[in-house]
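In what follows, a structure is listed as structure tokens, so that the remarks can point back to it.
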């Protein structure tokens, strides 16, 4: 049977999924993003500015584009996770997972009984994904634990051992900060590179997926080549900031060249 | 006395004002735009997605950045114009001005008596610009008539003759469409170039300003060099769309090069 | 070529289009409506409670359902019409059209040059309907004039003679009120039935479409059988009100039967 | 003294309270619901789409209708519960209560000292219910624990023993799912019927109320006859979906009969 | 028969109606205002910050307080007026009425046929005011023309002669500005006092009401004593600004006295 | 180096900071408040009506006024605290802190590693406060624990001993309620006065700040004279309620004096 979740489809084809990042919860902005053809688009409710009410207007336009709708929830919180799923998300990225207990709680929250304890009431998900949503949700919904602290790294095997987890989402900014580096994406320090490669390898060894948040397409392409299953690149807010800055700079350079 | 309106300041320094365009009424997106250092930022209520309520959250962040807050109203409409001014806008761009009567109505709507018929009640403008707002508004507020149809071009002298008008804002997309070309910015057809140059020259001859909506910084720099007083470049929505597209393309190229 | 606008498709198949009516601008409510499989869904900005900002969240879910997105604008107003079209609407219903001049203004507002004077800037429409939107918009967008007063009836031939008009939308409530009856749908008075039939016949004679706002499916089915090209039935707000009332009544009856 | 909370009034009259369910947080939709004359209307923040900001616009229209305003919070969470109460809710339904500790935390959160630990600051509740709100809140506010898992059933006596609890709200969908059945309302399985009856009987034996979420008025009437103190029937979103579906079906049948 | 509109009730008792002014469209703020016991509360859509969507949440809380809900529309505009009435307003204040034609258009827009041309569809008004709303609306709805320019004064008799007009609302700020004074309320210039008294007397001579916008309760009380039928005092935004300023000043004075 | 946070500046000058309180999340209302010149303005997400989305529009106008933007979060909750900080808040007031563990969790949530566990992603904070936000945040952000229960008082020394805490915020209403008094500000009972003085003294002894929520400027001035480091006075909602009530009362008194 075909998957509703495009990330599953991409993986079935043996490709790396390319994920866009939404910090500005605007219908127009998301559609402008979606036109590029991402495999998934993640609405960031942690460090982005989307709130629950935004999901109701944003998730439909993501679905319409064919990209898989994913939500990074603000915290490991039952209400936030279940409401995002009920609103139609087919993937959950949960920040700051550090222990086996965190992971069990995360997975349980995303899965209907008997696999977990998700409460039943897929108010928008049923309308978005069909009347058989209840029977397919546990298969279609992807659950990613963010590994981004020293403690999480120390507990990685315990985290990976939780049944039902789809994979790890590596947050390089917090991970670097917790290891004594400045925050930021696209790490080049040998220690960080080794650490990220190790997380990926141990995930793969368990048959789980590994995802990496990247700042540039070149870095993301290298990560994909090295085996990352999903790479996130940039964000809408960064495209605006970089686009405006480049625009002003090019205007000034062109103007200077004229005089 | 120093001007509150940065466009006035820029012109006093003999420079071309550089204007950014807001189609997505998001606080975060506008602040990401504003960081680049525009002289003005225009909230587009005609073809952009901002509504009146958005002005209340967007204009303060534009003001905070130092850029002049400008609003393109959806139509020549007293309610829309007066509410934008009461909300704090220091410039109005009115679309589809075609006659002397249109222009008189536009200017009158933007000016307090005895210069015009603007109704008094600067609910947010007074809080934003100070208790003496009533006495400075007629000087600080810029009023631009969009010339974008054949009829408007035919009536240009009549339009330019209306006292109190600050200048013309050239909309190249509609202007081209009305002259039998495809819509779009950054025209290169000799007829269109001559027409735009003529509008600018006749505005200048009357002591009025001329502004041009541009698609690229290089084109805008040339327009500035040729005497345009204000150039608009791109928009937030275009930066998102172009940034996402470039990101995906670079990712694919990098990935292809690897294999 | 296939039409983007499902109403065009339905008419090409020789069927009557069935239109749902949205008074409550809620994503969830609209998706609950859309599930029934309407040919079109009209967001009512006149007597419904949708405002411009609601279009941005509602139109995508209508599009996703396959139904044609239509907007009833609050009044014959360039700003309201052009913004609804730029937001993605493929049909406009304009209330209280009474003269040839009204109709010419309405049609002109909905059509790009050279057919009309619609200003170019399809901010969301391009993202929703594709990069060739500019070249197909004049064909795909349907324009309906509401005939709902004595004056409009008197001017019907003049209204119907305006090139580019798609058809007439009969508003039976205002039409009845202006003819001395109580307001309401599903008229049974012989005079009103004859009047509505006459409007339909004269529209058809001009090769134009005729649409009728109905209160019940049975009445709508009869209207369709009699040749109406589009029938609207009920509204989301009425389904809530009627559903709640029926629910309470059935509860009380069941409870009474028990005792 | 008369109760402010209509559920208390209804129970004082020896009747079963009839509760409507709000999944769409729209003023118009809620008023269309309220017209039917419910004893209570519950805004569902768990599986419905209401967020905190919606409470501020929805609760007043519920109050104006005379129905008791109740909120189902998304989770056992102090912030969510206290904010709903401060916004004017006179009843709280908390999902997934499973233990005595859960119940104690729930009740404590809803009661001012010395009965509990609710923080003082009834920002809207005082304006809605009067200056003596502080002295009546602990009596007027109803607190319901949802029993909807095997664990909750196992701990039912412990749950019921917590002082200050008003009663149990049975969620048949999750309860069925946790007992190996498909989710859904209006259970007919003997095991489920017996279980629900047992929950009701044990609640009554403790002097506590029991409430049941129902899908149809007929089932609800039977539940009321069997002693349920409050029955919920349907929801606004279901009325829209069912109304639209029935409308389309009746139209098609009528049309078929014609041909 | 009792009036639904409290202004009618107050006038039937021979009293001056006291009207509060809403510039901040917040449910909490309006309820904090409403507690004081106004006869009417006017939502200002012209110089205040309320937009159409705000009416849906604000009008119910005004109704709940017993005050008559009035809307000052942003301009003489059919869409704005009819939508405010459909949302439940029982009074319309229209700014900048200057001629008999303006007044006829205003009154016609507010009255159902045969008295006027208001379009039928009282989407929220029926739910707010009852199923017989259609038959009482023309009696209950009050229509006030703002007289605030020299031209309006010159045309006062023509304005007052329009059947169906309820009265004049004097806007002293614009009226002063158009007569060469600084804008502001609570005029003391003999010319302005005479002008306002004349407007009132001529309104009364026609059997129409006269209303005055005031800045202070003392001035308003004098205006009431002199025969004004409705006096507006202050606004929510002014109460916040004055309250905060007084608070800071008193704090500083108390602190200075200590040292 | 100059502080970004005005509270730090005020303290460096040896003054008491004066804090305003925002219960109504309106741009206009906050700007009307801000005009008075507060040292800080706190958006109350616990008992006020601000939700996360409001922070995005309200914090910029607070920043623009020069006042320090502070947020009282609804509860000790990682998501709420980190999102408020990412939105630009420079101070956090956390309610109902009762133990050393609560305090450690609070402080850790507000501080980037190695001082704490705040997750990195200052989406708006970087745009608001500059590109070096990451390196200054731990110094600039103030963290206040509310002490408002008997348990908190009993644990005061443990609370004060947590490194990184900025100080205590005394909530007199809950503190009184938990000590058997009626809730309310501006306590005069000897026991409460002694208790508050003791909290202040013990905070000062640890080198920490102490803040008090006050109802009147006179009481606040006394508290400041007695050594409170920050005093909050009133709130926007109270200014509206008191302003409206005073207005109506003065009108009636003036009217009575006339007759």
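To keep things simple, chains are lettered A, B, C, D, E and F as they appear, and every chain counts its residues starting from 1.
Convention: a residue touches a chain if its C-beta (ideal position, glycine included) is under 8 Å from a C-beta of that chain, and two chains touch if they have at least 3 such contacts.
As the structure is a computational prediction, the values presented were derived from the model and not from experiment.
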Option reproducing the contacts of A-D, where over half of them reappear, out of E-F, A-B or C-E: C-E
Could you compare the number of C-beta pairs in contact for D-F with that for A-C and name the larger? D-F
Far-end chain from chain B, centres as C-alpha averages: D
Could you grab the centroid distance between chain A and chain F? Build each centroid from C-alpha atoms only and quote it in angstrom. 35
Distance from chain F to chain C - Cα centre to Cα centre, in angstrom: 52
What's the distance between the Cα centroids of chain D and chain E, rounded to whole Å? 40
Check: chain E positions touching at least 2 other chains come out as 23, 27-28, 32, 35, 49, 51, 53, 56, 77, 123-124, 237
Mind giving me all the chain pairs that touch? A-B, A-C, A-D, A-F, B-C, B-E, B-F, C-D, C-E, D-E, D-F, E-F
For the complex, which residues does chain B have touching chain C? 23, 46-49, 51, 53-54, 74-75, 77, 80, 95-96, 148-149, 171, 173-174, 177-178, 180, 182-183, 237
For the chain B and chain F complex, residues of the former touching the latter: 27-28, 31-32, 34-35, 56-57, 60-61, 63-64, 123-124, 127-128
So, in the complex, the side of chain B touching chain E is made of residues 51-53, 56, 77-79, 82-83, 86-87, 112-114, 117, 119-124, 134
Under the definition above, what is the set of chain D residues touching chain C in their complex? 16, 18, 20, 23-29, 32-33, 35-38, 49, 216-218, 220-222, 224-225, 231, 233-234, 236-255, 258-259
